[in-house]
Amino acid sequence: MSCILETQGLCKAFGAVTAAKDVNVRIRPGEVVGVIGSNGAGKTTFINMVTGYLKPSSGQVLFNGQSIIGRTPRAITRLGMARSFQVAQLFPQLSVMDNLLIAVAAAQNPFPSLLAPMRTAARVALADAMLAQFDIARWRDTQVTAVPQGVRKLIDIAMALIGEPQMLLLDEPTSGVSAEEKTALMDTVMRVVAERRVTVLFVEHDMDVVRRYVSRILAFYSGEVLADGVPEQVLANPRVQEFVTGSQKVHQRVAL
Amino acid sequence: MRLNRTELILLGVALLLAAGGLIAPQWLVFLLTMALAKSMVVQGVVMQMRAGLVTFGQGLYFCVGGYAVGMSGHFLDISDLALLLVIGVGAAVLLAMLLGLLMTRYREIFFAMLSLAFSMILYGVLVKSSALGSTDGFNVKAWSLFGWSPAQGQAPLALFIIIVGVCAVLAVLLHRYSRSSAGMMCEAIRENEVRVEYLGQSPRWVLYMNYVAAAAVSALGGGFMALSAGHIDPEMAYWITSGEFVFIALLGGTAHVAAPFIAAIVFAVVRTYAIELVPHSWQMILGFTLLAIIVFLPKGLWSLFTGQARRAKA
Amino acid sequence: MHNYKKTMIKHPLALAIAATGLALSLTTSVQAAENGKFRIGIVTFLSGPAAGPFGEPSANAAKVLVEGLNQGKLPAPYNTIGINGAEIEVVIIDEAGGAAKQVEEFRNLVQRQKVDAVVGYISSGDCLAIAPVAEELGAMTVFYDCGTSQLFNEDKSPQFVFRTSLDAAVDNIGAARYLAKVRPDAQKVAGIQQNYAWGQDSWNDFTHSMEQLMPKAKVVESQMPKVFQGQYGAEISALSVKRPDIIHSSFWGGDMEALVLQANARGLLEDATAVLTCGESAIDRYKDQAPNGMIIGGRGPFGAFAPDNELNRWFKGSYQAAYKTDPTYPASKMAQAILGLKHAAENAKVEAGKVPAPLEIAKAFKGATFESVSGQVQMARAGGHQAMQGIAYGEYQYDAANKKGGVHNVIAFNGECVTPPDGTTALEWIKAGFPGAQCN
Amino acid sequence: MSLFAVLIDGTIYASWLFLVAAGLTVIYGVMRILNMAHGSFYAIGAYTAASLVGWYFNNGIGPVWAGYLLMLGCALVAGLIVGLIIERGLLRFMYGRDEVLMVIITYALLLVLEDSMKMVWGVNPYFAYQPYAEMGRSALAGLKVSNYDLMLVGVSVVLGLCLWLWLERTHQGKVLRAVIHDREVAMAMGVNVRRMFTLVFVLGTMLGTLAGALTAPAISVVPGMGVEIIVLAFAVVVVGGMGSIEGAAVGALLVGLSRAAAVHYAPEFELFVIYGVMALVLAVRPQGLFGRVLARKI
């Protein structure tokens, strides 16, 4: 059956370090896939390669069956694959509304017009709708620097979704968010992506969060896919427990 | 085209200024003309500052505009002001479209240094070319406008009214540009270029358009400078000149399209009195002014109008 | 976006700032109204590398002279108070900053400061830019130093613009004539000039003059370092490998001193004779770092080349008294310009104590002959707007006993010998072989 | 013959360029401040040396060798004082500001210093030639070269080595490189970055004044001399890669040799050589020969 995203023998080496070794992944439309793995396992590298920020040393990436190797992130975004970031990538000096308006304008026209004003009623309506959907409308006119972390992550994702992507890659959506907020935040995000029928692949450290939303897990270890399957099965896998979830707890202890 | 309040106010101020020119003493009229000519170059600097790029070579386009006007007057015997300015802007745009391909690859200090290098190369070429009077430069022929040429001694006032008109139009256009998608995209690039890329927009394309547009505006200033001063020399492309434009840009701030105009006028007045009152240490006064602005008004004189000074500092 | 109008009212401070300019300017233009004094605007370099060698001495000379004139201390024919009985008042302006800025400041001097005459300008670029403005404003203007041959080719029918200094071509014609007299056997000529208009023109005039006067001599090397470079190691090597007999240079100020020091230390000036057209301006500073016999000029009969007349004795004396050093040529030239202005103003035939109008001064200045610290000056060129004087060259001699530099076997050439006649540019005249030149 | 001359002249000029550029690159490397006022430091060094040395020799105070010590000593002291005043009194309040804004702050500083120098030393040239003349000259393959210039080559080589060793071999150097590499991490590791900044800025200032002092005897010290060398020093630093000592050395050699070659073979192009080299290098290697590219982590 058809895949929305498929990688074939994806490899990436930074000098001596291998960040990805023969990664073969096939994602079907409508799936919600979780990617787990300790730090440096190559999760973010994977996303960066798929979205064109990094060029793989070798291998192939197919989006809806067409190769997107060597394309710029903007080209890939326009094809319908959007992403969010570990650290929310926003325009700090601008208001939340302006952030979204820029996203709308960018999505609507690859060649921005020089004199027509960016802020049109139509665009504002679109942005407002998005804010409402994530219910963060009350932050509408605040400067981003004054907005709490959790909300920033939501804005980051909202901006990614404004272009109506078919697929969304979430890079640690809950990182930098306090444990209490996590579930609330993820509920919102998952509600919205479900409403928009977007295929989702998200990187996450917190196993409870992963269990709660995904239909399938990819476990990364030192650039390789250790296991791929339904959550129970993957999390039961001894090697996963040894290298991923286990080291995960250690990692968290270290971090504290 | 419908004008919003800000634009109406800009045009109103311009009208007042033009009217003031009729009663103001001649030297003041001339001083304002020069200040406005410079302010156009400063607009070019500010356009790039909004995109997070500081150029130490905007003198390049200032100079190209000036020389294109002067040379078309000398070698092509063109005296029509409008035509001359169009030629000046055209020349600058062509050059910018070429250099822009390279410049848009650079950011931060490297952009600053490379822009400086290019304007210094032009400076070198002009110093070498004795046909253009080398460092002495040459005098620009008197101008006419659509067949009408101003009476003896009336040229400065006429030019003042023209430049005020041009500045008014420019102000409205730039005001719209700053609110347009492209203008906002520049700010977005300054804030976070990677994100802009991931929104499906090409930062380099936006910066390229911005660079060329800035060059055109600056060249217009250069052309007016040539016509009002009546003389041009390679000094226009020297890095100190470009530094002065950055100076004025910071003085005004990037918050509003009117800021560079006000800053240029304030600068001209401060400098001329500094030179008159303390001929031996006027640079020092400029230096302290600049430091004071940076420390107390990080967003420039304009923050006095909006009361942002404190907020910006915090 | 914030509402412009409302915030304006919310911030009167802002309004104040924005309005300061206009307010200030209007007030002072009132204060600078005519006050019965003869206001002279002095423009010369007060900052930058030209301030030390040229600007400072010029400004000092102006002060000494104006003070002397206001107290009527000068010897005849200038022993009358001030200018035409009116006390002199000077406004000094810095020439640094480029021609465009100078045009602006010139207009301020005339229209805001209401000066009765402007005396100044060292940079040729500034002179070229100022001339048309002076004519447009009908402002009495005396250029005291700039030497570009272009000045009166651009300003064809001058009315208010005068130049009491010599065309730079004269320096180099004089240099060539001097060489023809003292070094007729010289074979290889090299040159080093600052890479800008002054240097390029000087070298041009000199080489063409040499072709006429010393056809046997060949140019073996020409160096054009960036102005104010200060380091001439490579240039000196490039010159010395060509083993020239003569090295011509139009260097001035710090560059010249650095060149002499470095070239001398590396033995270049022992094998070759240097000809420095501006050499005199550092005569007190070379000490034993310049070889005896180095040929130096003073851009006219100025400084060390100035004649020993009563006027010059007074000038030297009071300059010495005020600044503990002899006046160099820029000082003499400034003095000459002011004296010329006084002479013209007092022959403008207006009642004593009145300040004559620019046109009246100009009429009297045109073609005038006046006494100066450099002897007699005739405004004999460019329809009576350009001074004609002789020029002198000599060899540097260091008197180790009392640590003082001087000039030996000075040869002076009279004006008709080195000055191109009206209607031809300097270069044409040189290439034609100096037709009509009468040499003493 | 003239090829040999090119090498000699190029090396001498390069060593001077390195002296001038060293302070600039050290400050930029650690503090990310492209210091426009560096030229003024150079000028201050030159003025201090020239005025004191002139006074020392003209009044025959003491032996010649002491004159050299005086020359260097006073320049270093001047650098120490000026550096401390500026860093403590102004810059430390500006840290964390945008890189380009720092450039402009130092530009303002330059304007102020230029006029302050006029107030202290006036506008008349200072001409302290004795140290230069005293050393005499030697002939290399028929080319007469001033020993002072040869000495300059030695000095800058030694200086370069010292800086390099200091950065690469000493503990303090390691800490500094940590600051250069990642300021936050260095802070986290408990490095007192503020003190490092003070140290480095004063060092950079002293390098600047030292360069001035060493140049003074060969030239005539005039107002505006500082402004003239800034762009030159920038070019060298940008070519070599900003913040890298070895880069500055290579950049200096590249610029010095190409300029010497131009002077000997194509005097016409001497004026463009420096900017030509700079534009060329940047076009090929935007970060300069030895510059590091910092990929943005997302």
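Things worth noting here:
Chains: A, B, C and D, in written order; residue numbering restarts at 1 for each.
Convention: a residue touches a chain if its C-beta (ideal position, glycine included) is under 8 Å from a C-beta of that chain, and two chains touch if they have at least 3 such contacts.
What you are looking at is a predicted structure, and each value in this text was computed from that prediction instead of being measured.
Under the contact definition stated at the top, the chains bordering both chain B and chain C are D. The chains touching chain C as well as chain D are B. Here the chain at the heart of the shown protein, by mean C-alpha position, is B. Taking the mean Cα position of each chain as its centre, C sits at the greatest distance from chain A.
Inter-chain centre distance (chain B to chain D, centres taken as mean C-alpha positions): 33 Å.
We define each chain's centre as the mean of its Cα atoms; on that basis chain A and chain D are separated by 48 Å. In terms of their C-alpha centroids, the spacing between chain A and chain B amounts to 43 Å.
Centroids of chain A and chain C (each the mean of its C-alpha atoms) stand 73 Å apart.
Among the residues of chain A, those in touch with two or more other chains are 53, 89. Chain D has residues 114-115, 118, 268, 271, 298 in contact with two or more other chains.
Shown for chain C are the residues that touch two or more other chains, namely 46-47, 195. Here chain D touches chain B in the complex through residues 34, 90, 93-94, 99-101, 103-105, 107-112, 114-116, 118-119, 227, 231, 234-235, 238, 242, 268, 271-272, 275-276, 278-279, 282-283, 286-287, 296, 298, going by the rule given at the top.
Interface of chain D with chain C (complex): residues 1-2, 5-6, 8-10, 12-13, 16, 114-115, 118, 122-125, 127, 129, 132-133, 137, 143-146, 148-149, 215, 218-225, 228, 259-260, 263-264, 267-268, 270-271.
Across the interface of their complex, chain D is touched by residues 46-49, 51-53, 55-56, 195, 222-226, 228-231, 233-235, 237-238, 240-241, 253-255, 257-258, 261-262, 265-268, 285, 289 of chain C. Note for the complex: chain B touches chain A at residues 173, 176-177, 179-185, 187-188, 191-192, 194-202, 205-206, 209, 213. Chain A makes touch with chain B in their complex at residues 51, 53, 72-74, 77-78, 82-83, 89-94, 98, 101-103, 105-107, 109-119, 159-160, 163.
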